[in-house]
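Input: one structure, supplied below.
Letters A, B, C and D mark the chains as written, and numbering starts fresh at 1 in each.
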Amino acid sequence: MIIHMSKLATPEDQNRVLSRITGAGFKYEVIKGATGINVIGILGDLSQISETYFEDLEGVDKVVRISKAYKLVSREYSSADKVIDLGDDVLVGGPGELAFMAGPCSLESEDQVMKIAAYVSLMGIKIMRGGAYKPRTSPYSFQGHGVEGLKLLATVREKFGLKIITEATGLHYHVNQDGVREKRNVLENVIEYADIIQIGARNMKSYGFLQELGILTKMSKQPILLKRGDSSKLKDFLLAAEYIVANGNPNVILCLRGIRTFEDEKFQRYTPDIGAITVLKRESNLPVIFDPSHSVGYRVNVPGVALAAVAAGADGLLIETHNDPANALCDGEQSVTESQLADIKSKADAIRHLLV
Amino acid sequence: MIIHMSKLATPEDQNRVLSRITGAGFKYEVIKGATGINVIGILGDLSQISETYFEDLEGVDKVVRISKAYKLVSREYSSADKVIDLGDDVLVGGPGELAFMAGPCSLESEDQVMKIAAYVSLMGIKIMRGGAYKPRTSPYSFQGHGVEGLKLLATVREKFGLKIITEATGLHYHVNQDGVREKRNVLENVIEYADIIQIGARNMKSYGFLQELGILTKMSKQPILLKRGDSSKLKDFLLAAEYIVANGNPNVILCLRGIRTFEDEKFQRYTPDIGAITVLKRESNLPVIFDPSHSVGYRVNVPGVALAAVAAGADGLLIETHNDPANALCDGEQSVTESQLADIKSKADAIRHLLV
Amino acid sequence: MIIHMSKLATPEDQNRVLSRITGAGFKYEVIKGATGINVIGILGDLSQISETYFEDLEGVDKVVRISKAYKLVSREYSSADKVIDLGDDVLVGGPGELAFMAGPCSLESEDQVMKIAAYVSLMGIKIMRGGAYKPRTSPYSFQGHGVEGLKLLATVREKFGLKIITEATGLHYHVNQDGVREKRNVLENVIEYADIIQIGARNMKSYGFLQELGILTKMSKQPILLKRGDSSKLKDFLLAAEYIVANGNPNVILCLRGIRTFEDEKFQRYTPDIGAITVLKRESNLPVIFDPSHSVGYRVNVPGVALAAVAAGADGLLIETHNDPANALCDGEQSVTESQLADIKSKADAIRHLLV
Amino acid sequence: MIIHMSKLATPEDQNRVLSRITGAGFKYEVIKGATGINVIGILGDLSQISETYFEDLEGVDKVVRISKAYKLVSREYSSADKVIDLGDDVLVGGPGELAFMAGPCSLESEDQVMKIAAYVSLMGIKIMRGGAYKPRTSPYSFQGHGVEGLKLLATVREKFGLKIITEATGLHYHVNQDGVREKRNVLENVIEYADIIQIGARNMKSYGFLQELGILTKMSKQPILLKRGDSSKLKDFLLAAEYIVANGNPNVILCLRGIRTFEDEKFQRYTPDIGAITVLKRESNLPVIFDPSHSVGYRVNVPGVALAAVAAGADGLLIETHNDPANALCDGEQSVTESQLADIKSKADAIRHLLV
């Protein structure tokens, strides 16, 4: 870490910085600048110290970190690709097959779930998604079937051998449409039923929740798919993953899903952050999954963006599909049909083979 | 609500829309367009129905809401300004005095807190802020003193007669620097100690948390200050407030704090959303407070932006101040000094008197 | 076009709208809403009327366009892909080969240009880029060699049979490093030398320049590559193309190059707008080229993003390459080496064959 | 300027940097870091060298400028506020009265212009705005009356003694609605008629145009009001002003007008960049004017934002007003009425007196 003192810094300002450095157990060297500006280099492993610890001091102009703010999730810390093993030869990450995760936005009925599971499974997709708890912008929108939905997913796992990914929306107690509260909180329920626990974009900065999640899955090391917040910087995204890993669970999958920009929602709901794939693959050793459905918001744009993600180096895709999108309870507009999904899968696999 | 069907919509598409409307208990009228495009008007109170309920259907091009998505927090629902009474003649909102809330970013020591409380109180400021739980981007940054901090605030209240605002960061259990977990969750602790419960920008979209907050304060109706997420649209901000109100607690204060844009962080950490004050005051009857400290991130910019907020019609200011900013444990760079605070207060009061 | 009147509109407001409609030569139908809100449908070809013509009137709440604001460049106007023929079997657009355009950011010396032209040509690339006029953020940065650079490009064309694309930065007179003004303006010079005239992102909204460009190339119909402004909406990008076409030159190539977002420049200079490829290919019949170099700003990210663009359906790539990037006068950091370029070309061609 | 070499930089990389420094006529000192990373300080006046001159070199991690990229427009270069004298005691900038500039978006008819001039003048406003050339997003929108409009402005000046500000949209030749091209280019015409030449946001990055503008007004030193591009960083805005000043005309007025963000256009067309006022006043000695009309886009938001700008320290306001906004040919929705303008003026003056 290198501290640039300001032109106007007094000797007292500098002493304050130096004593904070030694107080934290580090050594330093002061580099006297010809222009009267001093630069202070701090020596040692600073990965657990935040820039702001020095930046907030009077007389400090700028703090430049040489080592990264995130450590445990960084490529420097561990250069080999992390491969997450879900059992039964289902892997996420690494040089092998792409990981496909597909299913409906929300679990609606047994009939719907079984139909989708059947065609998803037949295509050779190994992981099914489906929302039992839905984070909705309006308190008046459908919030998901809760535990009943999770039980449907358990049936799917048993019947089709699919692995299950579903979202844990928080530490609160779900209230169903009749006003009845569930007995356990949402995270506890999802931990019981899911093979992969999904954390949504809206909770990426709920740091207390991430910490609790790390602690509660410390023993089981259940895989966690963490979605990027729609306006979070990549550094903050990696730090959110670091929260989970630093609290005990190293099995984190990064998932990109589009960012908020000035783009017109009529054309694209969010801007697909395809370039971030190349950045994350270089900065971190964690698997990177791409969600084209939420990125674009319209079915017709999904295939092109899905293939682009694979060409850019993504380890897999998380796609919404529906057997009857026109009648979907939620996000029907962005769900692909069975035949579109099959087409995406075959082309994506072909691009993958061409590149690896 | 007006539904525009697409040019390519089939009669089946239209029937599907019509049956969803009648199924939800509403009436409609179909307006046949000369260009072959039909427009469907839905009649009745649709405030509790989301646009997506129709937008997701096949053949629907666009849904235009005439009444708002948010209802209970809207100016249309209740045109009079909501005034929140904290007791002892301390009011937030309405045509009276500006509400000032000032204090340190984080509670550091009894000495610091008492010094700041003393000068804040002497200036005639009635509400003190201070963070016992700090949401930090890095898991390695200082996370606050927890319950010990809350107890300090209780002492301040007793000694100086100040009202207390402090943040509840979630439903998790705080872990102190020795690794010990608190016995109750963060929200439970803050509910016990605070006069105003602050919900931070990072949790504005943690809808389960907002719902739980509404339910847990349904009886007490403890005032809640809700901060806008740094990239949330104003409609989503108002819907987040609606979550709390719809779950039982109408005493919500809206707080703006800067939005994320392409601006260079060197000049401004966030872009102060001053224009949003005029929009919120028109759309909603809730009090609107402005936080200049987090908006700009640098002490030198705070006074100008604080006064701008008052000139634009804000009902009060939430400002970080520190007796010794150079040595602050957190956000020292953006905390104003005692004399700056006094200057802001007198000028802000003068502008307020000029305008009301 | 459908005009939604506001709840508070008076009969006078409505009459004003109706007479503006008839004054412009159109017919209308008024749809009386049950809630007292009227909707007015305008009949006829409104492609040459802007929404604001009605939106600005008192009492108008919202104007929804059914037909598009852009007409001549729209897929609806002409559904077949436009193919631009540069002569000698070099095509841009259509179902054939990808169009590669590669070369240095700026033309530095004869030696540099010849070396690059040699390897570009050997790879089978048919179009060479190179900047003789450079739009620079700082008045003190190197602004290009002007006409001397254009002459170098002419030599390249003669020697290697490459087609030439180079930027026209405006209608001003270039001043060289000795303070001498050129005799003709920049556009006139570029028109003389280029096979494709490039219009940069910074000038996408210089509407007077676009109009002049259309007029000056009306007879020659020289192809024009128009880059998207870094914060322009897709609708505005298509309207900028419409400016050129409506003024007489239909041979426009659309080029995406990254948009400005909140992303950290350390990781990506701009955010690659890959999703926009799928939108533009659907909305317009013009060829769509992608520039990965300016999108990402760092050489290491270029290959992944280039291949992503091809997978998403781009008709070609515009790439910066340099024989010695470490010593480039401009943008060396984002220029790929010869071997990287060869690798991108072979993989991009393979993906193209797989998809078309 | 301080150059941080990367961890992986070779001795050759470093030598390349050193020889580029000495080649440019500067001295350096190399600071050897304990971690093996070297930092190179460059000594001397580097205001005319761009960071990219070194950043583009291989092995360079980051270049930190201590002195600014802009020089002539910086507060460091000249600490006193620049006051621009329009004659007849009309000043822009400095500690005196606010500078108000008001008038219609576009010049429509003699009757309209005279009515507005009359009430503007009567309020004590000294500068009238009005567009003869209009930069429009669509080629089919009304583009202004050209020279005819300029002549109307000249009449206003003569009759009411008002100073005139009007926009020069480029170096092209205006084509009127009958298809006739004007004899001189737009800039030449505006130079003849205007007291202040306005450069619009869309041309802020048309660097060739800015250069030409500086050269053509080098002798006259006619004041130029430069608007910030809707997505340009403040550094780039100041560099655009530097372009004009470095080419010979020091009389530049900076004008803020809202930036493009993710905000919903329904509430605000652009986000008013009020915070930027405090930054510009500190960084530069040029006058800073605020345009609330284009920032917000809706009349009802204009007064609050206008007063906020004054409270934040703006030197004046540029406001659109119309005698009959409901029938305005352009931007009627954002034009304030006569009585609103009078109210803004009296309150803004009162806030100014309170603060200066």
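Keep in mind that, in the parts below, a residue touches a chain if its C-beta (ideal position, glycine included) is under 8 Å from a C-beta of that chain, and two chains touch if they have at least 3 such contacts.
Everything numeric in this text was worked out from a predicted model, so none of it was measured.
Engineer: Moving only from a chain to one it touches, give the least number of moves from subunit B to subunit D.
Structural biologist: Step count on the best path from subunit B to subunit D: 1.
Engineer: Have a look at A-C versus B-C and report the one with more C-beta pairs in contact.
Structural biologist: Output for the comparison: A-C.
Engineer: From the mean C-alpha coordinate of subunit B to that of subunit C, what's the distance rounded to whole Å?
Structural biologist: That gives a centre separation of 41 Å.
Engineer: Can you compute the centre-to-centre distance for subunit C and subunit D, using the mean CA position of each chain? Integer Å is fine.
Structural biologist: The computed centroid separation for subunit C versus subunit D comes out at 26 Å.
Engineer: Can you give the whole-Å distance between the Cα centres of subunit A and subunit C?
Structural biologist: 33
Engineer: Where in subunit C do residues touch two or more of the other chains?
Structural biologist: Touching at least two other chains: 231, 260-262.
Engineer: Spell out the residues on subunit B that touch subunit C in their complex, using ranges where they run on.
Structural biologist: 2, 4, 7, 29, 31, 33-35, 37, 39, 41, 43, 62, 64, 66, 231, 260-262
Engineer: Give the list of subunit D residues in touch with subunit B in this complex.
Structural biologist: Touch residues, subunit D against subunit B: 231, 233-235, 258-259, 261-264, 267-268, 271-279, 281-283, 295-296, 300-301, 304-305, 307-313, 347, 350-351, 354-355.
Engineer: Considering only the defined contacts, which subunit A positions touch subunit B in the complex?
Structural biologist: Answer in residue numbers: 13, 16, 47-50, 52-53, 55-59, 69-70, 133, 135-141, 169-175, 185-186, 202-203, 205-209, 211-212, 230-231, 236, 239, 242-243, 246-247, 260, 325-333.
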